[in-house]
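Below are two complexes that have chain A in common, paired first with chain B and then with chain C.
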Partner chain A sequence: MNKIPIIIDEKKLETDPGKTILEVCRENEIDILTMCHLKGVLDIGACRLCLVEIEGVNKLLSACTTKVAANMVIKTNTERIKKYQRITTELLFAERNHVCAVCVANGKCELQNLGYKVGMDHIRYPHLFPQCEVDTSHAWYVMDHNRCIMCTRCVRVCNEVEGAHNWDVMNRGHQVRIISDFNTAWGESVTCTSCGKCLHACPTGAIWPKAIVQGQLEKKPGIINELMEKRKMKL
Partner chain B sequence: MDKRKIMISPVTRIEGHANITIELDDKGNVSDALFHVNEFRGFEKFCEGRMYTEMPTITPRICGICPTSHTLASVKACEMIQGIQPTYTANLLRRLMHIGQNLSSHALSFFHLSSPDFLLGYDSDPAKRNIIGIAEKFPDIALRGIRLRKFGQELSERITGKKIHIMGIVPGGMAYPLTEDNRKALLEWIPEAIETVQIGIGIIKKFMDDNEDMVQTFAPSATLYLGTVGPNGEHELYDGKLRFIDEHGNILQDQASPQQYLDFIAERSVNWSYLKYPYYKPFGFDKGFYRVGPLARLNVATKMRTPLAQAEFEIFKLLNDGKPVHGAFYYHYTRLIEALSDVEDAERILNDPQVTSLHIQHHGRWNYEEGIGSSEAPRGTLFHHYKTDETGKLLKVNLLIATGQNNPSMNRSVLEVAKQYVHGADIKEGMLNRVESTIRCYDPCLSCSTHAIGKMPMVVEVKDRNGAVIKRLERF
Partner chain C sequence: MNRQDLKTIIYAEKTKDETNKYKHKICVCCGAGCISSGSEEVMKKLQEEINTRGLENEVEVIPTGCMGPCNQGPLMKFLPEYNIYQKVDCSNITAIVQSQLIDKKPIEDLLLFADSREKPFINAQEDPFFKKQLKIALKNCGHINPERIEDYLVHNGYQALDKALFEMSPEEVIAEVKQSRIRGRGGAGYPTGLKWETVYKYVNEQKYVICNGDEGDPGAFMDRSVLEGNPHRVLEGMAIAGYAIGANKGYAYIRGEYPLAIKRFELAIKQAKKMGLLGNNILGTAFSFDVEVRIGAGAFVCGEETALIASIEGKRGTPRPRPPFPAESGLWGKPTLINNVETYAAISPIINNGGEWYSEIGTPKSSGTKVFALAGKINYAGLIEVPMGTTLREIIYDIGGGIQGGEEFKAAQTGGPSGGCIPAEHLDVKMDYESLVSLGSIMGSGGLIVMDKSSDMVDVARFFMEFCMDESCGKCVPCRVGTRMMHDLLQKICDNKATQIDLDRLEELAVYVKETSLCGLGGSAPNPLLSTLRHFRQEYEERIVNHELRELH
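Up next is the complex of A and B:
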C-alpha cells in the first residue's frame, strides 16, 4: 500500500492510510493525552483530551477517531489545545467525588496522572458533589460511581473483548451512569462472567478488587490489547 | 443569684475550634467552666456506604499526629470482620510503626510545645516561650528534640516509604517488609534516642523538684482511668486487653476485651460542644468520668516491658505510694517514661530475627458483619467499631477517640485551674497561660493547632448574666 505524507507539529512523516492521528502520533513518539482510549477496543472520542488542530478545519478534532489523509497538517500542542486539555481535566475532577488521598488507586491512577500532566494546581469550576452509589454487591469487585469518569472503557472491553456486555450506559448529561445489565446490582448480573477485564480497563479507582487496599492496586490495561493480538494470531 | 461569665476564645491557635467559658457567682468566685469544642467533621457519617476495607486508608486522615493508631484500630476491626489474624512479622512491624508514631508525638509534645514552659518559665515573655526561644537559649536540647521526632517518623518511613498517613498496614498484616539495610539504619538511632529521652526526663524532674507546690496542685482531678495492658498487667500500646481502675487504684475491670467496650463505656452529647462525653457505664454519667493517655496507661499498668522504663516507672509509682497519680502535670512525666519504653522496645523488635521476614500478610475476605478494633494512641485508648451489610458495605461507624474520652476530665481540670487563678474580673496573662497549659497537658487532638509555635491567641471576656462585657483581655 502506498504511504501518504502528513505533517505533525512541523515534522514531515509518511504513514499508511486508514490509521488514526493518534496511532500515527504514538508510532512516532508524539505525546497525546488520552483517557477514553484503550488499545484493543474501539475508540469513541468521548473524553476530548486528544483534540488536535488540523489546518483548514475550524474546529478541533479528536485524534483517536480522526483518520489521517494525504498532506494533512496537524498540530498537537498549541496553546489553544493545552487550554482545552486543562479545562477538560478540571471538569472531570469537578463532576464527581475524586478524593485522591483516600482512593484505592492513589499513585496508580490515570486521572491523577493527567492532573499532574496538565499542571492542574486548582479547579476553577464548582464541584457538583453528586451522591453516587458504591456498588459492593459483586463477590470480588467494587464499582464506585464517585470515581467514574464515564470513559466507558469498561463497557467496550466487556462487550468487545469478553463478549458479555454486562456494562452499559444510562441517562444523559451529568446524570449519566454506567449500569450493570438493565440497571441491576452488579452482584445480581446474569451476564457478568467475573473475568475482571473491566477492572484492568478502568483508568481510575472506580472499579477495584475488594481484597486490596491503597498501595496494593495493580491494573494492567495493556493485557486487553495483548488478548486481542493473540486472538488475531490464532485466526 | 447574679452570674458572670468569662469567655476564653479561641483556645486553639489557628482554627479557633475550642472556647472556654468560666462562670462566676455573685461573689466573683468561679462556679463552673465549660470547654466548648466547635469543630465538626462528620467522619462517622460520611464513611457510611463505603467498603469496610477502605477504612484503614480513610480514618488516618482524621489526624496528622496519630494516623498509625487509627490505621491499627481500623485494620483490627477489618480483621475481626474477616476473621483473620496478622502474621508474627506483621505484628512486629506494626508495633514498630506504632512505637515510632508514639515517640514522634511525645517528642513533639514535650520538646517543641511544653519544654518552653519548663526551661523558660510559665511567666516568661510569650513571644519567646516557644521552640525558637529554646533553640536560641538551649540549642542542643532543641536539636535533640527535633531528631527524636525524626527517628520516630523514620520508623514508619523506612518500612512503608511515608512518614505520616502511612500506607501498607493492611487487613491480615503488612503490604511491605522491612529490609536488612533499613533495620540496621534504624538500630543506629537507638543510643542517641535513649540519651535524648533521659535528658527530657532530667528536665521534667528538675522542674517538678523546683516547683513542687505548683505541680502538686496543678489540676489534680481524681478520676477513673482506662488503659490497655498485657496479660500480666504490663504497659501495652499495640495489642492487649482493657483495664479500668478507680481513683484509689482498685481494679474495676481487668483483661476486658476491647470488643466488649460498649459494656463499659457509654457516651452522652451535651448542647454546648460537638465533642461527646464518654463515661464509665457502671458508675453513670455523674461519677463515671475517666481519663486515658500516658498518665492513665501508667496508672493502670502493673509494670513496664523494658528495664530502663521500669526503673523510671518505679520512681513514678512512689509519687503517690503506688496509688494513681492524678495531677494533670504528670502527663508530661509519663509521656517521657513511655518514650523511654518506646525506644527500648524498638531496639528489642529490631533485633528480632523474624522482623525482616517476608511472611507479612494473611489474606481474608468478608465473613462477619461487625468489627471492633482498638489501639493506644499517644493521647489514649482508641476504638473503631464498624457494622456492615453482607457485601462489606459500611452501615454504621463509631469512632471513640482518645481526646473525647479525656473531654470530661479536661473540662474539670480547666475548672480547677480557674478556681485557683481567677477571682472576679481580675484576670492576668499568667492565668491565660495556665488554662492553656492545662489543656496542653492532655495534648488534645481536637485541633492540630495546639501543635504550633508560639502563643495561643485568646480573648477573655467577663460577662454579667445579661451578656454585658464588664472586662476584656486580649492576647494575639
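Up next is the complex of A and C:
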C-alpha cells in the first residue's frame, strides 16, 4: 500500500492511509491525551481530550475518530488545545466526587495522571458533589459511581469483547449513570459473567475488586487489546 | 394502480368539484393548536346546526390543517367569501350560521382581528397577515382535508412524483433541486441539491431516505403543522428524493409528542399505498419506495442527524463524530439522505414549477420561502411562510400584527436553544441564513419568539441553558458538564450573587463548549448566552456584585 505524507506539529511523516490521527501520533511518539480511548474497542470521540487542529477544517476534530488523509497538516499542541485540555480535565474533576487520598486507584489512576499532565494545580469551577451510589452487591467487585467519568470503556468492553452487554448508560446530560442490566444491582445481573474485563478497562477507581485497599489497585488496560489481537490471530 | 387509473381518479374528483352541489365550503381548523382550544366540538356543533337547518346539501364542512393565527383559534373559514372567524365558541355558532349563510352578512365582531388594527378585514385575504405571506410549503395547509388523499390529488398532488417518474431521469431531478438553490430547512442550511448528489453518487448500494420530524425547539411547531396539515406533500417529497438518489426505503422520524401528526402521516402512508403511489412499482414503473414511521421518545438530541439514525437503529440516541457524514455512512452504515420535513414539503413545487422559479424567490444566497412559528408577545402567534429576505420588522409588525398591548419590542429569539436574540436596533435585518449568523443568531428550524421589555435577557439565556443542560445526551464532557456549569453560573447571576470573575469564566466556558462539543447541540448551546452578552451586556453587568473579591486564577 502506498504511504501518504502528512505533517503533525511541523514534523513531516509518512504513514499508511486508513489509520486514525491518534494511531499515527502514538506510532511516532507524539503525545496525545486520551481518556475514552481504549485500544481494542471502538472509539467514540466522547472525552474531547484528543482534539486536534487540522488546517483547512474550521472545527476541532477528535484524533481517535478522524482518519488521516494525504497532505493533512495537523497541530496537536497549540495554546488553544492546551487550554481546552485543562478545562476538560477540570470539568471531569468537578463533575463527581474524586477524592484521590482515599481512592483505591491513587497513584495508578488515569484521571489523576491527566491532572498532572495538564498541570492542573487547582479547579476553577465549583464541585457539583452529586449524590452517587456505591454498588457493592457483586460478590467480588465494587462499582463506585462517585469516581466514574462516563468514558463508557466498561460498556464497550463488556459489549464488544466479552459480548455480555451487562453495562449500559441511562439518563441524559449530567444525570447519566452507568447501569447494570436494566438498572439492577450488579450482583443481581443476569448478563454479567464476572469476567473482570471492565475492571481493567476502567481508567479510574470506579470499578475495583473487593480484596484491596487504598492505593493498591493494579489495572492492566492493555490486556483488552492483547486479547483482541490473539483472537484475530486465531481467526 | 397505473398512471391512467390515477388520472381517472383525479378527473373524477375534479368534475365532482366542478359540478359541485355545494354553494359554500366551511373549513374548520383541526390542527393541534385549534383542537386544544376546542375546534373538534365546534365542528360537530356546526355540522349539527347545518343539518337542523337543512343546509347539508348546500354547505360542505371540512376539517383542515393549520390556517396560521393559532392563538386566535379555533378558526373557521367561510369560502368563497373568505371570512375567517376567530375564537369560535359552540355558543355563537347559531348566530354565525344565521348571518353568514342566511342573511349573507358576516358578523364583524367575531372576525379574525389583531388588537393593533382598527377593524377586522371582511375578506381575510386582505389582512396583511395573509397578504404579505407567500405560501409554498404550506400552500394547501388550511385548505384541504389532510385525511383525504383525494383532496390533495385535486390540488396537483403527486403530480410532481408523476412528472419525475415519467418525464425526468434521477439526474434531472437532482439538477432541478440544485438549480432551485434550496438549502436545508432544519437549521444548518446545507444546500439540499448537493446533499442529494452526494448520496446519488454511491452506486450499487442499499440507500435510505430519512425525514427528520423530531422538532424540539421550544416555541417551534413548523414541522408539526406541515405534517398535520398536508402529510401527503412530505410523503411525495420523500418519494421523489428516493427516486432521485436511488433508495427504496424511507423512514419518517416524528417526535412522540406529536400524536396527531403521527396519526395523519401513518394514514397518508396507508392511503398512498392503496393508490399505488407508494410501495412496489409505483404507478406501474420499476421504482419502488416504502416509508415507515419511527416515533421519537422525547429526546431533543435525536433531532441531530447521527443521533436520529442511532435511534432508528434501536440504539441509545447519541450522536457520533462526523465525518463520516450520513451521506456516506448513515443508517446501518449505508448512504443515507436526511432532510427536514419542510425541505421535503418544498420539493414537489420545485419539480412542478422548475428550480429556476424557486431560485428567483428570496435572496441570492437563500432562495425560496421559510416557514416561521411566531410565539411570545405578538398579536398573531402562529404559523407563517414568507420569502427569504423579508425583514424582521415586516414579520413582527405587518404579519404578526405588532406587540401585544402595544408594548415596545425588545428582542426576537430565533433558532431556539441553538440560536440567539436579535435586539430592536436590528429590526430591519433581512431574514436569511447569512444575515442572522452575522448577528450571532441562526435561522434554525424557524422558531421566532418575540419579547417585549418585560423580558429579562439574563433569564432568557438561563432558560435556554437549562434546556440544553437537560437535553444534553451526556456523551461528551464539554456538553455534559459545561452546560451544567454555565447554567449554574447564569443562575448565580440571576440571583445577584455573581462576581466579575464568574462572568469571565462564563464567557470562557461558552467559547470552550462551542468549539469542543461533539455535536451541534453542544456546539450551539452557548449561542443564546453569547448573543445576549453581545447585545444586552449591560443587563449582565448590572447584576454583578461589585466587590473586590479576588479569587485565585
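A few points about this structure:
Operating definition for what follows: the second predicted complex is superposed on the first by the 235 of 235 C-alpha atoms of A that agree within 3 Å, B and C clash if a C-alpha of one lies under 4 Å from a C-alpha of the other, contacts with A are read in each partner's own complex, and residues count from 1 in each chain.
We take it that contacts are C-beta pairs under 8 Å (C-beta built on N, C-alpha and C of every residue); 3 or more make two chains touch, one makes a residue touch a chain.
Note that the structure is a prediction, hence the values are computed from the model and not measured.
On the shared subunit chain A, the superposed partners chain B and chain C are arranged side by side without overlap. In the overlay built on the shared chain, the residue A:142 is in contact with chain B alone; chain C does not reach it. The angle formed at chain A by the C-alpha centres of chain B and chain C is 120 degrees to the nearest 10.
By the document's definition of touching, of the two partners only chain C reaches A:172; chain B does not. Once chain A of one complex is fitted onto chain A of the other, the partner contacts of A:220 are absent, as it touches neither chain B nor chain C. Looking at the superposed arrangement, the partner reaching more residues of chain A, out of chain B and chain C, is C.
Of all Cα pairs spanning chain B and chain C in the superposition, the closest are 21 Å apart.
Chain A residues in contact with chain B (one complex) as well as with chain C (other complex) do not exist. Interface residues of chain A, counted against chain B in their complex, comprise 101-102, 104, 134, 136-137, 142, 187, 210-216. Against chain A, the residues of chain B that register as touching in their complex are 49-51, 53-54, 56-58, 61, 165, 167-168, 170-171, 175, 363, 365-366, 389, 391-393. Interface residues of chain C facing chain A in the complex, by the touch rule stated above, are 299, 301, 316, 320-321, 323, 469-478, 480-485, 488, 505, 508-509, 512, 515-518, 552-553.
Touching chain C in their complex are the following residues of chain A: 44-49, 51, 59-62, 65-66, 83-84, 87-88, 91-92, 94-95, 122, 124-126, 128, 150, 152, 168-169, 171-176.
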